[in-house]
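You will see two complexes here that share chain A, one where it goes with chain B and one where it goes with chain C.
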Partner chain A sequence: MVALFNILIFPGFLFLGIYALLFEYLDRIIYARLQNRMGPPWFQPLADFLKLIGKEAVIPAAADKHVFPALPVVALAAVTTAFLYVPIWSGSSLLPFSGDLIVVLYLLTIPTLTFFLAGWYSTSVYATVGSMRALTQLFSYEVPLFMALLSPALLADTWSISGISQFYGAHPLYILINIPAFVVAIVACQGKLERVPFDLPEAETEIVSGTFVEYSGRFYAVFKMAINCELVVVAAIVSAFFLPFYTANPFIGFLLFIVKTVIILFILAVFRSVMARIRIEQMVKFCWKYLTPLAILQIIINILLKGVLPL
Partner chain B sequence: MAKNVVIPIGPQHPSLKEPACFTITLEGEKVVNAVVGTGYNHRGLEKACEARSYLQDIYIIERVCGICSHIHSTTFCQSVEELAGVEIPRRAAYIRTLMAELERLHSHLLWLGIAGHEVGFDTLLMYSWRDRELVLDILAMLGGNRVNYGINTLGGVRRDVTPEQIEKIRKVVDIVEERNKYYVQLALSETTLAARLGGIGKLSHDDAIKFGAVGPVSRAAEVADDIRVTDPYSAYDEVPVTAITDNHADVFGRTVVRVLEIMESVKMIRFCLDNLPDGDIAVKVPRKIPEGEAFVRTEAPRGEDAHYVRSNGTDKPDRVRVRAASEANWHGMKHMLEGDYLADVPIIIAAIDPCYSCTDRAIVLDNHDTGKQSVIDWRTLREYSINWYKARGIDTGKIKIADSHLIF
Partner chain C sequence: MAKSLFEKAIDWGRRKSPWIIHFNAGACNGCDIEVVDAITPRFDVERFGLMLKGTPRHADVLVCTGAVTLQTRDRLKRIYEQMPDPKFVIAVGTCACSGGIFDGCYCVAGGIDAVIPVNVYVPGCAARPEAIIDAVVKLLTALENMQKGTPAAPVDDNVADVSALEEIENAVTEASAAAVHSDNQPADSATTGSQGGEE
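The block that comes next holds the complex of A and B.
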């Protein structure tokens, strides 16, 4: 019964969904305020979601009848599962086990793969180009992102997100060592979440909306939801790694979680509003030329420090 | 991908504000072939002009283009005035110049926003359109409308500028100048923007001349071609004009030319306001225009605008020909697109500041061998269009059309 509550209500499906809608609202309002606009009312993401649910969902005649509707659900399920391993109200997550970092990183790769498959199975030219871009982009940002998250783990000597969070909670000054990894992680997250400047797979003015061009109605609503949830999960992971401040009191800890994730969201939204979309070959070059070496440098620093620091 | 992919950009596409079809052949993400297909928006304006009086034609001509509406009506009025042998009062000439420069301000700010949007930089769109709104308010105050001001008439202008309005214009111009300084800095130094705009849509000095490019497209390739300088009209013989040129010859250069032109326009507006002569704002033009023909060129925000008017001694023109700026810039488009990436296609198209409906013409093709004209019926035409799209990889044949639509 408790497990069911955890999975469906808190911190699982329902909480994540509501928080994701709130996050979308915050993202949009920050983006709008930075652009000198009013921005939407607080219920706009929910209204959009409900409206999409009520719309007719069209499956293209040439698309695969079974894979096409299943993909959004797979994306949402993967993201929701990943959320169970992220610390929320304390330094520990709901179901911590050693090695959950690897599991979460792989679970977070699944949405990108579903975007690729969604574009591929839609068989539209725009969607095909979008899916090729999604995959190319995956190969560029995934390596620096993994390395940026693994280097703090090296120093903490654990593969569990909760363990890492607790380690840095106990040694708050060590966070400063990981600042390059933090920068790499924030930039790579933009790629993972497909936001400007890395929103190439759905570049509206080039390939209409890329991978999602054939998606409509409830399928698209679920995809949108999965993307918003992914935003929450990524912000939560980054805050667990690089902002590991928590208290024993679950209530204050929960408020702290919200503050931390909103800080990450604010950084992401500022990125989104001050940059232009770059080209795919510029994206690949940037990720391999600058981000990856920076992440490798961080790993080397952490390995060296591990021998020096009293741990 | 070894196989080439054919992607249609248009006729309906989020990056195009009006219908046109660009058939892009891709090798990976690189454009290997581009076919520019315009003609979706033919409105028959030239023919409509022939059936109406000169005064009524101003109303039609103003609607050739939504953005450069004033410059089209100026060009038409100038042609008719030339035919009638009428000299407009200096005050009217200054007011026309003032409106033309305000129009250039709003057109260039609009373009800057569109360019930002095409490269995914929506913040620039929101900022520049916010500032454009100030200019539109001024235009609405002067002419009564936001885009079709209707201020021109044969022999002068219809509305005078009052001293209070001059004060308001000065205030807005100061704000626009201040904000534009920021855009100049942004265009010249923002890294992602420079990375996206630099080196794409190349049209070199020689190519610009070969393809007959006009306006900011040619000026970005160091072709100092500005009608305001080379062939002054309205009050440009007195207003100091500097033709802005740049040597980048790409989309980045076109951006630089446009943002710097805003600065020039601001100076010219100030000059017009300072030196506005007193006197009448219009003279009478006879209803019947003497026989003859006139060809007038002006500098629209998008480049050279040319009108040809032929009169036959009645109150209606015999022939009106409009050559909008975009029509001259389309010819180099294929050359600009090929060799660049798919991601650059929308911004390269947008960089000429295209106006599709100004350009679209109906062309009658007679059978070359027999010299006979033929008529094809609706069904054959539909069949033809389905096959045309099929050849480009799109099957529209499955769309059902109720038979009631086919009765004619």
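The block that comes next holds the complex of A and C.
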């Protein structure tokens, strides 16, 4: 019964959905305020979601009848599962186990793969171009992102997100060592979330909506929800790694979680407002030439410090 | 027929989140610039939840400009059919409303309503951004009336528009009469020259 409550209501499905809608609103209002305009009302993401649920859902004649509608659900399921392993109200997540970091990173790769398959099974030209870009981008940002998240784990000597969070909570000054990894993670997760400098797979001005060209109605609503949930999960993971401040009191800890994730969201929203989209080959070049060496440097620093620091 | 809470919520969502797609059916680009102008931060239409979408599959409202040429007629039909239901069409500009000065041309099929059903007409050459935003708001109000089953209220704006049009027509006829009058008069050359320039 408690497990069902956990999965469906509190840290799981319902809470994540509501928090994701709130996150989309905050993202859009920060974006609007930085463009010197009012921005949407607070209920806007909910209205968008309800409208899309109520609209006709078209499955193109050339698309696969079974895979096409299933993909949004797979993306949402993967993201929601990943959220169960992220610390929320304390330093420990709901179901911590050794190695959940790897599980979460791979669960967060599944949405990108569904974006690729969504574009591929739509059989639209724009969607195919978008899905190709999604995969090309995946091979560029995934390596620096993994390295940036694994180097704090090296120093903490554990593969569990909760363990890493607790380690840095006990040694707060060690966060300063991981600042290069934090920079790499923030830049790389914008590729993962397909946000503005790296929003090539759904570049609206070039390839209409990229991978989501053929998605309409409730399929698109679920995809949008999965993207927003992914934003929450990535912000939560980055805050658990690089802003590991928590208290024993679950209520204050929950408020701290909200503050930390909103700080990460604010950084991402500012990036989205001040940047322009770059080309795909510039993106690949940037990730391999600058981000990956920086992440490798971080790993070397952490391995060397591990022998020096009193742990 | 009473609606369930879920249906009411969806109705509310439809009123609060009109996503538009813009299509040029053969306009001179004047109205298109005004449509783009209407979605700039200055007017901030995201206040109404309005967003410009790239693909017809995501859009609810087709904002269409220009007289329909024979080349774009089939494309316009296709884009309209690609939009999922429920969908609405706004014809922006005089050419989109009636064909305008291109009506009857050998390559023009007519206004937008010669090809697809139109919900709101925005006259003007070019239509102002304020008029386009007003058209979207009117569409949403009409949608609300339709959803709630109340008959549409008599729109006073139409009456005002007609009287304004009459005023403009009167002014134009008076001006042209004056111009003709001044042409006939052997007045001093400076005034006739300037009036001729204005004509």
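To be clear about the criterion, the second predicted complex is superposed on the first by the 311 of 311 C-alpha atoms of A that agree within 3 Å, B and C clash if a C-alpha of one lies under 4 Å from a C-alpha of the other, contacts with A are read in each partner's own complex, and residues count from 1 in each chain.
We adopt the following convention: contacts are C-beta pairs under 8 Å (C-beta built on N, C-alpha and C of every residue); 3 or more make two chains touch, one makes a residue touch a chain.
Being a predicted model, the structure only gives us computed values, none of them experimental.
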Q. Can A:V274 be said to touch chain B (first), chain C (second), both, or neither?
A. first
(Q) With both complexes overlaid on chain A, does A:R37 touch chain B (first), chain C (second), both or neither? (A) both
Q. Where does A:V129 make contact in the superposed view: on chain B (first), on chain C (second), on both, or on neither?
A. first
Q: Once the structures are superposed on A, label A:T205 by its partner contacts, choosing first (chain B), second (chain C), both or neither.
A: both
**Q.** chain B versus chain C as contact partner of A:Y220, first or second or both or neither
**A.** second
Q. If you stack the two complexes on chain A, which partner ends up touching A:K65: first (chain B), second (chain C), both, or neither?
A. neither
(Q) Once chain A of both complexes is superposed, is A:K306 in touch with chain B (first), chain C (second), both, or neither? (A) neither
Q: In the overlay, answer first, second, both or neither for which of chain B and chain C A:K55 touches.
A: second
Q) With the two structures laid over each other on chain A, which partner does A:K289 touch: chain B (first), chain C (second), both, or neither? A) neither
Q: Would you mind listing the overlap between the chain B footprint and the chain C footprint on chain A?
A: 35-37, 126, 204-205, 208
Q.
Using the touch definition from the top, list the residues of chain B that touch chain A in their complex.
A. 1, 5-8, 13-15, 26, 29, 116-124, 126-127, 130, 190, 192-193, 195-196, 341-346, 393, 398
Q: Spell out the part of chain C that touches chain A in their complex, as residue ranges.
A: 9-14, 16-17, 41-42, 44, 46-47, 49, 53-55, 57-58, 60, 82, 84-86
Q: Within their complex, state which residues of chain A touch chain B.
A: 34-37, 61, 125-126, 128-129, 132, 196-197, 199-200, 203-208, 273-282
Q: Quick one: which bits of chain A touch chain C in the complex? Just the residue numbers, please.
A: 28, 32, 35-41, 43-44, 46-58, 126, 204-205, 208-209, 212-217, 220
